[in-house]
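In order of appearance the chains are A, B and C, and numbering begins at 1 in each one.
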Amino acid sequence: MEFILGHLNYWLFIVLMMIGFYIVVARGNYIKKIVGLNVFQASVFMFYISIGKVDGGTAPIFPTDMNIDPNVVYSNPLPHVLILTAIVVGIATTSLGLALIVRIREEFGTIEEDEILEIESKLQAEENSAEGPAMGGRA
Amino acid sequence: MANAVILPTLSMIDQLPLLTIAVPLIAGPLCVIFGNRHIAWGLAFLSSLLAFLFSGHMLLQVIDGDVLSYHLGGWAPPLGIEYRVDAANAFVLFLISGISTVVLPYARQSVAHEIKKVSHTLFYCCYLLCFTGLLGVVVTGDAFNVFVFLEISSLSTYVLIAMGAERDRRALTAAYDYLILGTIGATFFVIGIGFLYIATGTLNMADLAVRLADMGDNRTVQAGFAFIVVGMGLKAAIYPLHLWLPGAYTYAPSVVTVFLAATATKAAIYVLLRFMFSVFQPDFVFELHTLTWIIMPLAILAMFAASLIAAFQTDLKRLLAYSSVAQVGYMILGIGLATKTSLSATIIHLFNHGITKAVLFMVVGAFVMRVGSSFTKNLNGLGKQMPWTCTAFVIGGLSLIGVPGTAGFISKWLLIDASLKADLWWLAMLIVMSSLLAVVYVWKAVEVLYMQQPDEGSSAKEVPMSMLLPMWIMAIACVYFGLNTDLTLTSASVAANSLLGGGVQ
Amino acid sequence: MRHHLLLRVITKLLVGPILLFALYVQFHGDYSPGGGFQAGVIFAVAFILFGIVFGLAKVKQVFPPWLVHKLAALGVLIYAGTGVYSLMLGSTYLNYSAFTPAHPEHGQHWGILVVELGVGVTVAAVMVAIYYAFAARPPVIHDEEW
C-alpha cells in the first residue's frame, strides 16, 4: 500500500501517459490523434511539476528584504520553468498539427487515416502502373 | 546578488559559440520584417556563411583537444545554461553550417520553381529557424536545452515539409506523420531527461556525467537512458523507428530534402553519441548490453533491410530516402561497437554521408526542375541531355557505395577496421555485402540515366549555373575527402577522444 | 452575431479592460505572477473576442494580418536584441547585469522587463495569427455533418 500511495504521482503519470499513447496509436481520426498527443504531453508536464514539490516546502519566493530564514524549506522551481517551455512547445505543436489537418481536409476531403491511406495507395498504383506494383509504399 | 559584480569583458572570439546560433536566429525574424524574398534569401545566405566561418574558426580552436565553454546570461554552470564546444560538436557544426552555405545558392532557383512566390519569405524564415535549431542542438551543453532546440528545428521542419504540398498533396500527410512521431520522440527524450534530473538534480551534461558515474545500478537512471535512446532514435531514424523518413524526404521540396538528409539525422546521431559516451559512461553495464544486443542487431538489420527496400523503389527520391535509413545503420553500428576506432568511423561517416547525400538529392532536385518528376521511368537517357548533373550523380553514387577514392570509402574502411580490431570478421563481411546492395540501387539509377534512349520530345536541358555549382562543390568534396583525409580523420579521432573522455581506447 | 445585442454591448465594454489587464500582467511580471506569456495571451483574447462577436473582417481592419506577422517577428527581435546589446557591452549574451554595471540589480530589472515585452508582443501576435489562420478558412463542413 505504501508502495502505491507513496508513488501516487508516478502511477498517475504512467496511466495518463499510456492513455495518451494508446489514443495516438489506435485512433484513425487525425484530430483524435492530436488529442491523444496532448494527453501524452500533459502527463509529462504533470510528472515534472510533481517532482518539483518538496515535502513541507513553500513557494520559492524570497522575502523582499532578503532576510532569508534558513529553516524555511522551498519547493524546487526549476521543473516548473522547464515545463513552461515545454507547454509552449506543446501549444506550437498542437496548432501546427491542427493547421496541417485543415489543409489535409481541404486536399483529401477526409481526416480519417484509412480513407487517406486508400487514396494514397491509389495514387501510388497510378505512378507505378508502368512498372507493376512496387515495394515500399507509404511507410 | 552581490553588489559589486565584476564583469569580464569578452572579445568577439569568446562569443563565437553563441554567435553561431544568434546570427541565424536573428536573421529569421528579420526576413519576415523586411518581407521581401530577395532580401530574405540574402539574409539566409549571409547568416549561414557567417555561421560557417564561426564554426570553422571554432573547429581550429578545439582541434587539439581544447574545450570552449560559454555561460549564457553570465550564470555559471551547472546552474546556468552552458554552451560547450569540443572537437565533436565543432565538427558537426562545421558540417551543418557548411552544407547550409552550399545549399542556399542552390535553393534560390529550386525554391522559385517549386514554391509559390508569396511563401518565399516565410520559407527562408523557417529554413533559418530550422538551421538555428540544428546548430543549437549540437552546441549546447545543457540537456533540457537540447530538447528546446530540437523542437525549434522540428517544428520548422514540419512546416518546410508541408510546403511540398504544391507539388504533391501527400506532403501534408507526410508532414503530419512526422509531426506525430517527432513529437513522441521529443517527449520520450524529455521523460528521459526528467528521470536523470530526479536521480542527479542537475541538467548540465558535464555535471551529469560526473554524478552518473557511480549510479549504474540505479533503475531510474536505466529507465532514463532507455527513454533517451528511443526518443533520439526516432529523430535519427534508427531502423524500426524510421517510418516517418521516406515519406518526409520524398514529398518535401527538393531543397528541404537536401538540407534535412544532410544535417537533421546527423544532429540527432550526435546527441545519441553525446549521451551514450559522454553523459553515460560506456562501462555502465546496462548500456553495454543495450549496445551489443539491441543497437548492433538493429544496425545490421537497417543496413540490409533498408538497402533491399531501396532497390525496389521506382521514385529516385524515395530510393535515396531508404538508402539514408541504411546509411544511418552504419553510423549506429559504429556506436554499437563502442571502441575509439568505431566512434571515429561513425563521426567520419556522419560527415561523408552528409556531403554524399547532399550531392545526390541536389541532382534529384535538378531532375525535378527539368523533368518535373523524380520517377526512374521519366529519367530515360538524361545522361546525354544533362551531362554535368548526371556526372555529379555518378560521383555521389560511387561515394555512397564506398568505392576507393571517394569519401564513402574512408568511413566504411574505418568501420571494417574497427570490426576487425574487435575480432568480428563476420561483421566486416556483412558491411561489404551490404555495400553490394548499394551497388544495386545506384546502378538502377545509372542504367536509366545512361543506357536508355531519351524519351521522344523530351527537351530537358542542363540546370542553371547557380544550381550546378553547389552540386559540383559537393561532388568535388566527395572526392577530395576521399583522397585527403587530414581534416576528417584528425577531427574525428580527436572528437572520438573527447567523447570518450580519453578513458576507453 | 448581428442580432445578439447583449453580447455586442458587453464585448464593447470588456475589450478595454481586458487590454488594460493584459498590460498590468505584463509589467508586473517581475514582481508577481504574470509576465509575457500570460499577458500576450490575455492581450490576444481581446482581439479574438472582438473577432468572434463582430466578425473577422472587422477585427482584421483593426489588426491587419501583415501587422500580426511583423509583430510576431518583432517580439523575437526585441528578445534577441536585448542579448545582442549585452553582448556589445562586452558581456555574455543576455547578461542583464551589464546594462548598469554600477548597479547590477537595476540591470536585471531592465533586462527582464524588455525581454518580457518581447515575449508578450510575440505571444499576442502569434495567438491572433493562429486565430486568423483557422477562422479565415472557408467552412468545408456542412451543417448536417455535425
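In the analysis below, a contact is a pair of C-beta atoms (placed from the backbone, for glycine too) under 8 Å apart; a residue touches a chain by one contact, two chains touch by 3 or more.
Small disclaimer: the values here were computed from a predicted structure and weren't measured.
> Chains as vertices, touching pairs as edges: which of line, ring, star, complete or other describes this one?
complete
> Centre-to-centre on C-alpha atoms, which chain is most distant from subunit C?
The most distant chain relative to subunit C turns out to be B.
> Quick one: subunit A and subunit C, Cα centre-to-centre, how many Å?
25
> Once you find the CA centre of subunit B and the CA centre of subunit C, what distance in Å lies between them?
Here the centre of subunit C sits 35 Å away from the centre of subunit B.
> Which stretch or stretches of subunit C touch subunit B in the complex?
Per the stated touch rule, the residues are 66, 69-70, 72-74, 76-77, 80-81, 83-84, 87, 90-98, 101, 103-105, 108.
> Would you pull the subunit B residues touching subunit C in the complex into a rising list?
Going through subunit B, the ones touching subunit C are 1, 3, 5, 7-10, 15, 18, 22, 25-26, 28-33, 35, 70-74, 125.
> Along subunit A, where are the residues that touch subunit B in the complex?
Touch residues, subunit A against subunit B: 21, 24, 30, 33, 37, 40-41, 44, 47-48, 51, 79, 82, 85-86, 89, 92-93, 96-97, 100-101, 103-104, 107-108, 116, 120, 123, 127-128, 130-131, 134-136, 138-139.
> Given the complex with subunit A, which residues does subunit C contribute to the contact?
Residues 37, 130, 133-134, 137, 140 of subunit C touch subunit A in their complex.
> Can you name the residues of subunit A that touch subunit C in the complex?
84, 88, 95, 98-99, 102, 105-106
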